[in-house]
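Please go over the structures that come below.
Each of the next two complexes has subunit A plus one more chain, namely subunit B in the first and subunit C in the second.
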Partner chain A sequence: MAIYITRRLLLLPVLLVGLSLITFVVSHKIPGNPLVAQLGLRGASNPQTVRTYRKKWGLDRSLPEQYVAYVGNLLHGDFGRSLVSQRPVSEDLKQYMPATIELAVASLIVAAVPGLLLGIWAAVRANTVTDSAIRLIALLGSSLPVFWLGLIVLFLLYGRLGWLPGPGRLSPYATPPPQVTGLYTVDSLLAGKPELFWDALKHLVLPAFVLGWSTMGVITRMSRSSLLDVLKTDYVRTARAKGLTPLTVLRRHAVRNAIVPTLTVTSLAFGGLLAGAVLTEVVFSWPGIGQYAVQSADNLDVPGVMGVTLVAGLLYVLVNLLADILYALFDPRIRYA
Partner chain B sequence: MTTPAEDAAGTIALRQYGTSVPARLQHAIDRIWARNPASCIGALILLAWLAVAVSVPLWTPYASNAQDVAHRLQGPSLHHLMGTDTLGRDVLSRTLLGSRISLPVAVVVIAVSSVIGTALGTISGYFGGAIDEVMMRVVDITLAFPAIVLAMAITAALGPSLTHAMIAMVAVWWPIYARLMRGQVLTVMPQDHVLAARALGAGELRLMARHIFPVALGPMVVQATTDFGAVVLLTAGLSFIGLGAVPPSPEWGALISDGRQQFYQWWIATAPGLAILSVVLSFNFLGDAVLDFLDPRRR
Partner chain C sequence: MPRSAICRALGVLAVALLFAACSSSNNNAGKGSNAGGAATKAAAGGSPVAGGNTAPGGSGKTIIIARQTDLSTLDPENSFCDTCQIYLSAVYQTLVTLKPGSLTEAVGEIARSWDISPDLTTFTFHLDPAAKFANGDPLTSADVKFSLQRLKNLKAGPAFFMDGVKTIDGVDPQTVKFTLEGPDSAFLMKLMAPYSVIVDAKVVQANGGTDAEGADKNDKAKDYLDAHSAGSGPYVLQSWTRNTEVRLTANPNYWGPPPNPQAQTVVIKDVKDAATQRQLLERGDIDVAMNITHDVATQMQKDKDVSVQFVRSYDFLYLEANEKADPRLTKEVRQAIAAAIDYPGLIQATVGGHGIQPSTTIPQGFLGTDLVPPVKTDKAAAKSLLAKGGQPNGFSIKLAYPNQVLYGVDMNVLAQKVAADLAAIGITATLSPLEIGPWGGDYSGGSLPLTLAYWAPDYPDTSEYVSWFGLVGTPGTPSEWLGNVVNDQIVALNKQAAAAADNTQRAQIYKQVIQQMQDASYDIPLVQPDLVLANRSNIQNNVYSPCCNLLLGQLVKQ
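After this line comes the complex of A and B, so read on.
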């Protein structure tokens, strides 16, 4: 297993170089004059500024050297300057990141708990109406366009019924809690403001549900099929033959063994959450990096989009690595060499 | 590989249904309907959409861009079954016409990326070595991005248009097929019929094209079926955020984006959303059936 994990770790730098290479190449396709775009008309007319800029990004040198300069700047956390906000992209990302993390974590909770329970329920009641209904719910999750589902639930639960608040992270009159983690639900509790926590939580419900549904479907399907496999094994039959109650068999023998593949799928689904977050954030005016990416893309702000692309790619790679290692740890049968 | 029991069942089926093509087709449909009725419903819905896409300009009561500002933002009525939008255009007609964009886009994206992916995957698996190593690392890297994020980056760099969105989607989709095909080729290559052909002196191109490629193709078809829905969703998503089809186009994602501007006129987004849902759900039903069919453990 050590060999397997080492191999996976050795692949990491290759992936990172690849990620930066792709964003580098795509950035170089920027239409128009990147100098004017980056420095503004006044900056671009000042020879001193232009020289410093060209030196920093290695624009006076060959393409491979430019790439080295680009990676060097990335490693120092310099993603360039956003054309829209006129601030370093890294600062923008820092500002928008917590909202996305809060949304993604909330969706993962919304997805994992009911997903697992529904999967178990469906497997126990395999090939019954209950099973079909649960499978339909799961399949709907991956068939509904999140941006449309978001509009519909917003219209019904906020627009018509008024049960839940509208877009955004907080009500318009509320002031955000002092920033500690950047997650409003956590920060409001740290600041000792339960009413603010309640407000933040209510705003989180709809987007988390909309974003979580598709992931819930994936988790449901996986836990159902892996539990079905386990229920057919000899040790489960033995446990039943011993006279254990069905619930004990399920709890002590079946679910524990079925949960390993489900765990892997859950961590892989995190990547899907990131992707879905882009559209969900747009619909719910959720100020996360997904919305930032869309705004940047709409304004042809390439450094902004590339910043998000790099961060999303990096997160995705790390989460996949974590999933593989977890899998190897949990399942001793996995020994790739 | 078939078990004796399956062989026997096949023989009985042959006796029952005969060997003519329509009879065998009938048999296959009967079996699928008995095992997985949802997939048949899915197939019917898709056939219906296909018929709509082909014939709709002949019979929609309103043209895609026929404006009628006097009757703008009207709710569903007998004249406009799904209401009208900001410019008084008929929402249902536009949604039906939208199938002529969304469906061909998905077909082209899947076709192009599976051709590229299959070709590169075959080469990678057949030759192995350095070519394989480089190719698979490129695949790893491309798959390391969430599809929509990479597609956004590419579309943003090229400028928003449906063609660019399609290029971006091909760029994120081909690696899936390349990896799958490579695995297939690796399992088919050591098989006896390939060795026999090689012993008879078949050249490399012939080996790849005639003896390996057709045998390895099966799972690619499955993957393509299940990917259709995802491509339809991604196309709509990109158009929704303004990076795909641009306004007067009745592409479904763009229509929903119109609906978002008119939040309280719920009907504008409803029809295109249901259209996407029905198409994607049908493909997922079909994919489920295909998996059922191929995975013996699920029988």
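After this line comes the complex of A and C, so read on.
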């Protein structure tokens, strides 16, 4: 297992360089002038301003030169400077990533726990009204547009009923806690401000629910389908015949063997959540990596776009590696060379 | 599996969610930490608040504003955006500013008085000796000279404000003299722009700033100014969290002019969605919403806790026809296009009637514009002009536009209306929405034959628009990408206007310029949308400022 993990980690730099090359080439092939986005129409039409800007940002060099310089810096952990924020991309990522991580983890909890439980319940009660109801919930989660759902829950639960707080990570009057991790829930506890913790947690409920429901649908259906297959196997029938209780059969034999496909889907979903959920972030004014990615793309901020792409790629690889490790933990038959 | 086990599990989950949602914590979590001006580390790595605890006139209140912020930096001489105007005018001051209710009269802000030479080439300002920065440093001519030289030499977006300035001299600590390369009757107006604010030279220099030649390479003060302010305005920067909020506190050393800051804290929250802003405003979680669209505003008028007004703005949207990119777009064809547009219908379709048609690509209300009536819709005349221009059967053309909502107008709706009006005279316009980056590049590259575009005032004077839209031959303006088109008459009139000290005389000169621009019809103004001012009913003085968008120093919360 250790060798397997090491091998996967050693492949990371190769993957990232390949990803950076593709992103760099594609970003520079997009027609458009980043100068207009940065300087405004007036500034971008002033030859002197343009000359100064291009020199400052290295845009006067050839593309291969720019790429070589970029990779050279990347190997030192330098993602370059954002044309929009005019500061290191790594600073931008450090600012926006925690908001996304916090939302992604909360969404995963909302998705995975009920998703798995509902999937198990639906499989156990297959072809009954309960099963149909659960499948309907899962279908709605997968098919309702996240943007629409976000606006509706915000309108109902915040705008009309006032049951939950509005957009943002904290209430408008609240001051963010001193940054340690960037996760407001954690940082507020570290700062000894429980009221801020609850405020941050309450603000997580709606966006996590919106994002989580769509992911939950996928997890529910996958766990149901996978468990149904396992419940039909000989060894499960044997376990029942031996007189084991249904809960024991489920817990010791069925679920563990059915979990692998669900883990796959969950890890992919988690990777996607970590890459940023733009629509949810816009509706809930959540300053995460999704918004940063769109802002960078809109403004042709190539360093920003590349930074997000590389980080998202890295996260996907790590999450998939984690999933592979969990497979081995859940299913002893799985061993890695 | 027993039903009870699953029920238990789901029950625990539901209770946990309810517990989180129904927690007794109130909306004022953390408010106490604001009240004493406590140090709050900015996400940008800033250090403690520059301001103090209570400002003269500060009421202890917090005003929250929701806005789609477009900030990339808070460095005054580096920034160039709409939200920048609001921030800069709250935290810094200019030598002069616009008299409330006027579009042409200047009143002193840092300057108590000024002298202008008869030939409009020398402007001498006498500073108010009481003027001082938030940290107590006196504001002198050295700060003025440093700030505006840095503006020029950083060569960033707003550098053009100092075009034509030959020298800036500190005659004495309270007197600063500007010598221009030629007469400029609009120079005072340029100094009103928020980008012409005055910073504390000592503080900025101590943190890596420079105003010398080569500042574009050597200046290092941007990062400092992104986390701290160095101004004399009614507020100071407490913190800036990008894409989240800008937090200001009242300047404890605010010297004037009145009014004193009316709130202890002002927070500008980044909320991108208009529907979300509406909900926040109606729930009372914010005090001012700045991006409410016209259709949403109309629905909000029924809420008695919310005040919604439509006020004249000076932003506009226009159609540009580039003959160089498409030789079919001769002068007659362009005039035909102008006559084909159903302007009242367009204003109704895009902004629900809350807007006006400008007479040319100069905001209606600026000097000279009220002397020339706008172009009238006349489809019969349009067809006749089309035939005269060599296109009796019409033609097909691509209509490009930035795919955004600009000044409350959905550009897709605007494009569809324009296309429908052109179709009525035989011109088939194929819509080509583009993202703002690619659109801007194509637009200023002159490759778009027909495009929608937009403009907002950089400073409140007609001269800005004439220099940009007036075909006066300036490189990097439409004059260049429309095919190096120069209108010699406008060039001559522009020079006359620059040398005319009297506004009545300038207005008459600009009237002739506007008539020439209408005749050329390269740029056809479509709509000048009203601005929606939406705030809670207990907020006063939420007014639009042509120079600065929103003057935070005047906002009052009852």
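The definition used in the following text is that the second predicted complex is superposed on the first by the 265 of 337 C-alpha atoms of A that agree within 3 Å, B and C clash if a C-alpha of one lies under 4 Å from a C-alpha of the other, contacts with A are read in each partner's own complex, and residues count from 1 in each chain.
Definition applied: a residue touches a chain if its C-beta (ideal position, glycine included) is under 8 Å from a C-beta of that chain, and two chains touch if they have at least 3 such contacts.
What you see is a predicted model, and the numbers here were worked out from it, not measured in a lab.
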Quick check for you: in the superposed arrangement, does A:A174 touch first (subunit B), second (subunit C), both or neither? second
Is A:V317 contacted by the first partner subunit B, the second partner subunit C, both or neither? first
Thinking of the overlay built on chain A, is A:L151 touched by subunit B (first), by subunit C (second), by both, or by neither? both
Scan A:Y96 for contacts with subunit B and subunit C and give back first, second, both or neither. second
Of subunit C and subunit B, partner touching more subunit A residues: C
Applying the document's definition of touch, where does A:D199 land relative to subunit B and subunit C: first, second, both, or neither? second
Pick one for A:T238: touches subunit B only (first), subunit C only (second), both, or neither. neither
Applying the touch criterion given at the start, work out whether A:G159 contacts subunit B, subunit C, both or neither, answering first, second, both or neither. both
Between subunit B and subunit C, whom does A:V282 touch in the aligned arrangement: first, second, both, or neither? both
What is the contact status of A:L247 with respect to subunit B (first) and subunit C (second): first, second, both, or neither? second
Where subunit A meets both subunit C and subunit B, residue numbers: 30-31, 151, 154-155, 159, 282-283, 297-298, 300
Applying the document's contact rule, which stretches of subunit A touch subunit C when the two form their complex? 30-49, 52-53, 56, 84-87, 91-92, 95-96, 113-114, 117, 120-121, 124, 151, 154-155, 158-159, 162-176, 178-179, 193, 195-196, 198-199, 201-202, 204-205, 246-247, 250, 282-285, 287, 291-292, 295, 297-300
Spell out the part of subunit B that touches subunit A in their complex, as residue ranges. 137-138, 140-142, 144-150, 152-160, 229, 233, 236-237, 240-243, 253, 256, 259-260, 263-264, 266, 269-270, 272-273, 276-277, 280-281, 284-285, 288, 297-298
Going by the contact rule set out above, which residues of subunit C touch subunit A in the complex? 1-2, 5-6, 9-10, 13, 17, 20-23, 25-31, 33-34, 40-41, 43-45, 62, 64, 72-73, 78, 80-81, 155-160, 216-217, 222-223, 226, 241-244, 247, 267, 269-273, 275-276, 279-280, 282-283, 285-286, 435-445, 453, 455, 458, 468, 475-477, 480
Of all residues in subunit A, those that touch subunit B in their complex: 11, 14-15, 18-19, 21-23, 26-27, 29-31, 139-140, 142-149, 151-152, 154-155, 159, 225, 229, 271-272, 274-275, 278-279, 282-283, 293-294, 296-298, 300-302, 305-306, 308-309, 312-313, 316-317, 320
